[in-house]
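Each in structure tokens, the structures are laid out below.
Across the two complexes that follow, chain A remains constant while its partner is chain B and subsequently chain C.
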Partner chain A sequence: MKETWNFFKVHLLSDLRNKRSIFWVVIFPILLFTILVLTFSNLGVKGSINFKIILINDSQKANGPNFSRELVNAFRSLSFPNKDAIFTLTMMKKKDTNAAFEKVIYSEADAVLIIPKDFNSAIARSILFSKLGISAPLVPIKVFYVPNRASSNLAESAIEGTIGQINSYLTARFGYTLKAIKVKSKTFGSIMESPSYTNFVAPGIMVIAAFMTGLLLVAPKIAMMRRYAVMKKYASTPVNPYSFFLGFTASRLFIMIIQYIGLALFSTFVLGAVIRAFSWQAFLYYLFSCAVYAAIGFVVGFIASGPTSVGAVSSLINLPLEFLAGIYFPLYNLPWYINIFVYINPLWYSTNALRQFLGVAMSTTPMWMNILVPGIWLIASIAFSSVRQNLEKE
Partner chain B sequence: MKNFFELVRKSFYMFIRDRQATIMIFISPIVFMLIIGFVISGISGGTTSVNVKVAAYTSNSSNYEQLFKKAAEKSGIEPIFVKDKNDVKKLVNSGKVQMGISLESSTVTFFYNQSFGQYNNYLKDLQSFIVQAIREEISGIPMYIQIVPNSLKTGSSLTVISFIVPGILAIAIMMAGVFGMATTLGTYRENGSLKRLRTTPLNGSLFVFSIALNRFWSSILSSYITVLMSEWIFSTNYNINWPLFSILMASAVFMSLGFGTAFSVVFKDLWTILNFSTIVLVIMMLFSNVFYPFSIMPEYMKVIARVMPITYFAQGLRYTLGIAPVYLWKFTLINIIFAFGGLLMIVLGGKAIFYLEKR
Partner chain C sequence: MKHGKIQKHGKVIEVKNLKKFYGRFEALKGINIELYKGEIFGFLGPNGAGKTTTLEILEGLRRPSEGEMWFLGEKIHGDVPPKIKEKIGVVLQETRFLDHLKVKEVLELFASFFKNSLGVKNVLRTVKLEEKENTYSENLSGGQKQRLAIAVSIINDPEIIFLDEPTAGLDPQSRESIWNLIEELKSYGKTIFLTTHYMEEAQRLCDRVAIIDHGQIIELGTPAELISKYGGKSEVDFECSPTPTTVALNALGENLIISGDHFRIMTQNLTKTLEALVLWSKKFDISLTNVFLIEPNLEDVFLKLTGRGLRD
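Up next is the complex of A and B:
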């Protein structure tokens, strides 16, 4: 027991005194969390979407109502600097049409709308015909865009989407009103009403933190000890080898627990996440995940030829594993050969389970699988490490 | 000159014997492209088009189905009609569709799957368009105006994959270049090789440049392979301008090798170099317009994106792959800055590394 405690103390203190370890254990997960929240929580939401459109009003002055001016006003109401504007509108003259097209082609604007010359008379005619019960052709407004440029494509869709509102705005003058309909919505698998991105990603960050501790604080140390035959030296002393493994592993788990508490406090009090961070189920599952990733760290440490190789391997596998865990983006419609890597990825199950235990959303995988698959990794990793350790001892 | 060629030859043999470097430069861009390409196109409904699949159930089948088809056309979604309301829930739960709608008399119910996370915000924006369109149809509001889309530029239609592959390629090439140089120079620093070389008449800039040259040709080759793989796997149908593509890749690879050299100068040990490079690349990846267009980014992100070299690399790639034109002067300027900036960092970095080893 005393030996285990000594190993625990030595390895814990050596990492707590190491600036590099502090960085990866404490600062990097917080940094990543903050970057992700800053990036994705405001992406694509009302207020941040903005398309630059150019409007060319080629319509002739009308004797009656000026529908084209109303159309322009309708677009202005949807444009910056109005609240929740989705357009930034620039008016140009008909003679500048080619210049407008060039702006769209070269990404200085997203789309050009041209109100045709006969717009006012055509609308007046349509209104008269509809009052007489005769169908009239729709008045076309041409939108010019570049289909294979994302912004331009989205701008065209946004204009099509808003034209219905604009049409309703015009027809309201003639006594047409929109019927009310009841709108309901239901989200399957939700626990909280509409989880913010912060809530959604918090469990994933906790999983990444534990995984990186396993990869960066377990594997390099094991690799280094193997290279410098430290474990062989331990084996020549009366120290029980299990004391070393228990003490060393306990020191890693202690660090992972500090990470959990730190991230839970940071996410709740700084980023405003609403998660059940201190529920006993979440904590217990987290401890289980820590054991899994520590074991994986041992495997990597036994496979790698040295600490440098561990660094190279971790750079290579980190991002793909995190993407295939659904931490940054949800995983759907993946081909079967990519799904294989998802189904065997322990990070995926850990993320799903923690999302449920932290009260964010129901797990998309059954809970028994969230324990079984990482459990298989744990057992296989322990078995592999034991065999390698025994082989190297000889 | 003879010494330089000798250095290049030695670096070449060391490079081809280094399995880690080979994996980093040739395999990781392809793996990265495959994984991120499939993940992002998966949530967007497929690799063939930008669309949203919606399962729809209507109680009054013929009328409401027509009504919903019209509403769907206006909102750019692909409806999949089902005969039972429970089928809508099943399809949404399984993730085969991104959204579900049930239209019964004057009530419309939308169904979402929580595991789509933040993507549901975009779907809820789409919900308001769909509701508007349904209300217009039910109210019998006559339509007076219609949008007639006109394409300003012909070419293959946009798919999610064709938009993001240039960005992924840019990230992958940058990663390979940065890590390639960082790993090599970091290893030399750590194992004392540079200190020993410093005692010889060897020129630091030439030495580092010889290493960079070997990573240069391999990164270029890797970029060709990655683009061709994306054409094959994702059927992207790019209209590639090979000469301009080659010029851009050459200058961008120099830039990434320059960054790798700069990081190796700033940080003494390999561990820190690799991990700092990871952080910088993650920030570049998330804050540039690699995965999403500028138009959906908040203002502060646009400002940050505009200072990221990877933003311009991705823009240049989209131009050379025939997706989005760029002014020729802008393309030329990008290449000049990348090439000279990268070469400067390599040359000065080499001098600096050797100087620092003197101490």
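Up next is the complex of A and C:
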């Protein structure tokens, strides 16, 4: 225990005295966070946008006016290829509802609009009741969307606006008061009312900070200790090798925890993010992610032939993993061969899970996957490092 | 140079038929070594001969494939156990410590690994680094770094110290200071296992040397024994003026080699040859210039035994 503590202490001390380390693991994530928020917080609000929506018309024909057809026509008139179209409309059948939802979840569409089975009769009933002066229940139309995704969020607003226009038409035609149709939204991946880019990017920045610590404070040190025989030097003493790995890893985790607290405070009090930074679930999951990224750092340290080649190996994995994690922007319409990298990318799962635990958005991947995939990385990395370490002793 | 046989006080390390395979490659083909208390044992060999493999097995850094080892009378089964590691000190090639750690912090860390510690101040005094205790290890000079590495290796007051090329890459002054330090450690009764590429280092420091090549020890003995056995003849090189006559040259005997203005006499007895040469110059009224005496050394032994230079 004493040896573990000593390893923890010296490795922590060595990094805290290193200005370069401090910059990359403490200052840089905060700078990156600030720059991203300042640059992209208004993204998706301005300019002309075309939303991809899926319309499922489940309504049955009624004896009276076919309101659902009017509704569909209204959306068609606002859709591509018409001039100034704001929608790209895809019609799908009721049986394909789940497929439609998946398209929204995986960013192939922005929202799904479902006209319910009894829509026509319900509208007719509502108009009749209205004429008789009896209060009638509002007719629901369901809109499914992903609020934390800017395009999906805006698509939902555009649908709501369109339905408002249709209400005006109904009022003019049937002389009946507004709000005959109510938009009932069900959300995917959101528990927030007003998503912002600051909230959206905060969990990813925390993941990046931990990942960078793995790459910058684990990998080069392991490579340096291998190259200059520091690990051999430890091995020539009676010290238990596990003490070293435990103390060294604990010192890295300690730095990652400091990063988490620093970024949570900075994002909340300086950038005004609304996150549940001190939820125990978020913290435990973050610790799990830190262990994963420290283990990946060990792998890079064992792969690299020396401290100088660590930079090259790190860059090779850093950029693709970061940009294919949906940290900075949601991932849209990626080709299948790129999606393969997304699905095996631990940063993607960590970011998704942290978004949920921090109260930013529901994870777009199941929570068991968010534990399983990074967990596989963790186990594989530990196994690889142990084998390499033992091979070097053989 | 050390002469004569060393007094054998008791075996500190004994290795029998040590073998090491890397796949099908047999790096060590049955090494037999005995180290005695208080001696400096030199282990010489060209690159790839098996020096470092042998050393790392003895240090507990690699596992032998076959063979038996005894440390301080105790038979080692598999890995070198912690209680033996308590009694050994190791200086590896190119040791570097963590950056941004002070010299005393490095020593405190290593001291904490052992039950027995000489104390940071004592060790710093021994290696003459007292004034550098608060200096970051990366800011030390090459010689100081090596002294720190030696300080780390003796922090536990070991009985056996392994030094792997302790003066490689150092300037002559630093090398001299490390040699003095090694001699001081020997004077404290430490047993030292030394590998080196410098034959003058081996000749100056070692009581016995083993020469390893292709994974086998091809010769073992005191430097004097090996030089006398394999070193060949000494040489007297000189120039002279005026140019000697044929009569004068014939007087120098059959061992004379002439190349232009340069003369070389091969001899088994350097002193006698030198005396004779002085008498010859007086007799024939010839002035001797640029006289060099060249004695055989371990490099010659090495060349003869391995067909390669010590640093090849």
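We adopt the following convention: the second predicted complex is superposed on the first by the 248 of 394 C-alpha atoms of A that agree within 3 Å, B and C clash if a C-alpha of one lies under 4 Å from a C-alpha of the other, contacts with A are read in each partner's own complex, and residues count from 1 in each chain.
Everything below uses one rule, namely that a residue touches a chain if its C-beta (ideal position, glycine included) is under 8 Å from a C-beta of that chain, and two chains touch if they have at least 3 such contacts.
Keep in mind it's a predicted model, so treat the numbers as computed, not measured.
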item: First (chain B), second (chain C), both or neither touched by A:K103; value: neither
item: Touched partner set for A:Y228, first chain B, second chain C, both or neither; value: second
item: If touched residues of chain A are counted for chain B and for chain C, the larger one; value: B
item: Which of chain B and chain C A:R252 touches, first, second, both or neither; value: neither
item: Which of chain B and chain C A:P238 touches, first, second, both or neither; value: second
item: Contact footprint of chain A on chain C as seen in their complex; value: 22, 56, 59-63, 82-83, 85-86, 88, 90, 92-101, 105, 108-110, 112-114, 152, 156
item: For the chain A and chain C complex, residues of the former touching the latter; value: 2-3, 6-7, 10-11, 13-15, 17-18, 221, 224, 228-230, 232-239, 393-394
item: Residues of chain A that touch chain B when the two form their complex; value: 20, 23-24, 28, 31-32, 35-36, 38-52, 71, 101, 104-107, 110, 123, 126-127, 130, 138-151, 153-157, 159-168, 170-171, 176-190, 194-195, 197, 200, 216, 220, 307-309, 311-312, 315-316, 318-320, 323-324, 326, 329-335, 338, 341, 361-362, 364
item: Chain A-facing residues of chain B, complex; value: 20, 23-24, 28, 31-32, 34-36, 38-43, 45-46, 50, 74-76, 89, 92-93, 95, 98, 106-122, 124-127, 129, 131-136, 138-139, 141-153, 155-158, 162-163, 179, 183, 187, 190, 270-272, 274-275, 277-279, 282-283, 286-287, 292-301, 318, 323-327
